[in-house]
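One chain, chain A, appears in both complexes that follow, with chain B as partner in the first and chain C in the second.
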Partner chain A sequence: MLANALPTLVFYLLAAISLTLAWSVVTGRRILRAAVSLMGVLAASAGLYLLLDSPFLAGVQVLVYVGGIVVLLVFAVMLTRTTELLEDHPSRHRQVIGGAVALAFFGLSYCMMTAPAFANRALTALPKNDVAAIGRALLDTGENGYALPFEVVSLLLLAAMIGGIVIARKPAALVKSEAHHG
Partner chain B sequence: MSWQVKTIAQRTGDLLPGSPWTAALYVLLTILAVTAFVTVAGLVLIYAERKIAAHFQCRVGPMRVGWHGVLQSIADAIKLLMKEDIVPRDADALLHILAPVLSFAGMLLVMIALPMSPSLQVADMNIGVLYVTAVSGLGVLGILLGGWSSNNKWSLLGAMRAGAQIISYEVSATLALLVVVLFAGTLQLSGIVQSQDTGWWIWRAHGCGLVAFAIFMIAGTAEINRTPFDLAEGESELTAGFHTEYSGLRFSFFFLSEFLNMFVLAAMASTLFLGGWMPLHIGHFAALNGVMDLLPPGLWFALKTTAIIFLIMWFRWTFPRLRVDQLMRLEWKILLPIGFVNLFVSAACVVTGFYFFAR
Partner chain C sequence: MADFLAGHAPTLTHWLVLTSALFSIGIYGMLTRRNAVGVLMSLELCLNAAAVNFVLFNRYLAPTNLGGAERLDGAVMTIFVIAVAAAEVVVGMAIFVAMYAERRTVDVTRLDALKD
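Entry: the complex of A and B
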């Protein structure tokens, strides 16, 4: 009995942590504290993946989001001046757009959750869940493979990387003048 | 000879259906044991660092507290515990307190995945290598937050340097890890150790292992912020970097996690490249393998890890500190291309089975 109750207990604990921290991300006035709360939310979702028997997904979640995205976010905050980031009264324009996006996302999620095709999916046999199987599926060009999305995503990442380098690069004229002045 | 791996997590799992309270006690004891290990290992490492540094400089190091100063670390620890714990007035108190905890947690979470011997490993995850890479990212966050929340320009600069450095070198370290994952064919740490029972990956892979080991050691030393990559702390430039404003217990948390990260790095390097707890085996030479098996696996792990820790301490007194631009050039223009080429060559070796004692 205890062994069955444990996952349920852990689920509610993780859900409560996620919701509390997500609330503090949105309402917090200090941007860096919000970033730390966001890290908590993302780590709690990794915990939820673990409950769903997907350790690989949980590991990737921590690696990419906690170790990558949040660190970059904190880095960006540290590079900018903090006073400009305290925004107590967002403009009406932003409020309207924000509300619309939130509403649209809620509507979309609701439709997805209640769609019968999606609901039945959970009852059928789950595909084999280990790293080797995920790797094969990603590079499978067959009917159930994900080779095309995988390649599209890598192309997108490559484009983003080149874009980042181009933006960060000094203009040629500046480099020349610096070399001239020693 | 086949090895039976039984982790502490598995033992607890076996106990859970019959006697949940015994299992809970088991978990409690494990937590206590890990904490005790971390503390004692930290004290030993600090003593070793001071003694080795001293002898490299033809000094004798601490000599007064106990025989040859063996109790010096304990005296220092007591001193740190009794110091006043200061949070600067204009600091973000919550983040200031959280930062060392994050840093410590990152180290502790890696610690539980390390295979120290077939019977001594807290948890053996299928995604071992991925897990280690993922949770060690928490350490960076602790350093960044610590530097920012101190509200001090030195700390902020140190934290920024540390962040940029750790993020950059993580790429090379991961590429080096992937080489071993390719050869071993598994992400599980105990599986990687067991894949080395005909020889360690450092020499079985026709040079790929050696190159990967060198990259891993360089990138790892940079990730744990040790000389020659200690720009983040550089006493002479930044007065101590991100932990300038820390004192007492919180400072010791940062300090302890820094030293134990060295242990974690050494343990990972020995697990991946030097066979971890696997004795020195060469192919199927039964006589040699039999002699090597006389030493228990735990001792092999300890010996290899100690040797690598000594190597890291040796670096400190061999190389001068790099400049920021040299640091970035080394990573992006030298280590990263070598790492990529090495990964391709290793993949070719694995596909064609062109390595020693391929199965």
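Entry: the complex of A and C
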């Protein structure tokens, strides 16, 4: 009985944690604290992947999202720190528009997601070794394979890396004048 | 207590409500945040909720008879989503740093050079 009760308990615990932290990500006045909350949300999502029997995705989530993306965001916060450390609360006008759009989306998707088609679905079977199955699917050139998207994503990452360096570096004229003065 | 919890295991609908609530919070943040990095963080919330959804649909709705074996298309899609999110944050951070060097602010309400 306990074995059945535990996943339910963990699900609702993770749901409460991620919703609370997500709310503090979007409303917190200290942007660095929001970044830490985002880290919590993403770590909780790693827990959700574990609940869905996808330990490999949980590992990828922790490595790439928590370890990489959040660190990049923290760097972005530190490199663009303005004199006012505390962000103002958004104006009433923006709050109303944002809340209306968000609630409209939630209402619409809630109506769709409580449809009877989704109500009584059982978990489908997973391959025995899901890491090997994911690897095979990524490199499969057959009609159900993902070899081409995989290569496209590797090109995208390369382009993003080069683009990031080119956009963020100082303009050549500035570097030259600094070297001249130095 | 244990009986109650075991009888109320989350179904697909519960999971979907959770992820769409996370996505809605992300939308709210995108529309209300003034710091551009904050907007990017809200966007990450949305991407993350969508990525969880892919795994969910894979676990609950995937046809198992395609190709004679169990399929993991949702998990593969989640990996692509995470890779695209990483690329997007790299470019976003570079743009913010360049923008800050140029204009000394990343407040999205004051960045309206393309408006006029």
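Everything below uses one rule, namely that the second predicted complex is superposed on the first by the 120 of 182 C-alpha atoms of A that agree within 3 Å, B and C clash if a C-alpha of one lies under 4 Å from a C-alpha of the other, contacts with A are read in each partner's own complex, and residues count from 1 in each chain.
The criterion applied here is as follows: a residue touches a chain if its C-beta (ideal position, glycine included) is under 8 Å from a C-beta of that chain, and two chains touch if they have at least 3 such contacts.
Predicted model only: the values in this text are computed from it and were never measured.
J.: Would you sort A:75 into first (chain B), second (chain C), both or neither based on which partner it touches?
T.: Once the two structures are laid over each other on A, A:75 reaches both partners.
J.: Just checking: does A:62 make contact with chain B only, chain C only, both, or neither of them? Give me first, second, both or neither.
T.: A:62: touches chain B, not chain C.
J.: Now for A:29: first (chain B), second (chain C), both, or neither, which partner does it touch?
T.: neither
J.: Given the touch rule stated above, what does A:39 touch, chain B (first), chain C (second), both, or neither?
T.: first
J.: Is A:54 touching the first partner chain B, the second partner chain C, both, or neither of them?
T.: In the superposed model, A:54 contacts chain C only, not chain B.
J.: Of the two partners chain B and chain C, indicate the one touching more residues belonging to chain A.
T.: Answer, by number of touched residues of chain A: C.
J.: Give one of first, second, both or neither to describe whether A:156 is in contact with chain B, with chain C, with both, or with none.
T.: second
J.: Contact-wise, after the overlay, does A:95 reach chain B, chain C, both or neither (first, second, both, neither)?
T.: In the superposed model, A:95 contacts chain C only, not chain B.
J.: After overlaying the two complexes on chain A, where does the chain B footprint on chain A coincide with the chain C footprint?
T.: 2, 56, 60, 68, 75, 77, 79, 130
J.: Show me the residue ranges of chain B that touch chain A in the complex, using the header's touch definition.
T.: For chain B paired with chain A, touching residues are 16-17, 20, 92, 94-95, 98, 125-127, 130-131, 133-138, 140-141, 144-145, 147-149, 156, 159-160, 163-164, 167, 187.
J.: Going by the contact rule at the top, pick out the chain A residues touching chain C in the complex.
T.: 1-2, 4-9, 11-12, 15, 18-19, 22-23, 25-27, 31, 34-35, 38, 41-42, 45, 48-49, 52-54, 56-57, 60-61, 64-65, 68-69, 72-73, 75-77, 79-80, 82, 87-88, 90, 94-95, 97-99, 101-103, 105-106, 109-110, 113-114, 118-127, 130, 133-134, 137-138, 144, 146, 149, 153, 156-157, 159-161, 163-168, 170
J.: Please name which positions on chain C make contact with chain A in the complex.
T.: Residues in contact with chain A: 1-3, 5-6, 8-14, 16-18, 20-38, 40-42, 44-45, 48, 51-52, 55-56, 59-62, 64, 66-67, 69-73, 75-76, 78-80, 82-101, 104-107.
J.: What residues of chain A sit close enough to touch chain B in their complex?
T.: So the residues of chain A in touch with chain B come to 2-3, 30, 32-33, 36, 39, 55-56, 59-60, 62-63, 66-68, 70-71, 74-75, 77-79, 130-131.
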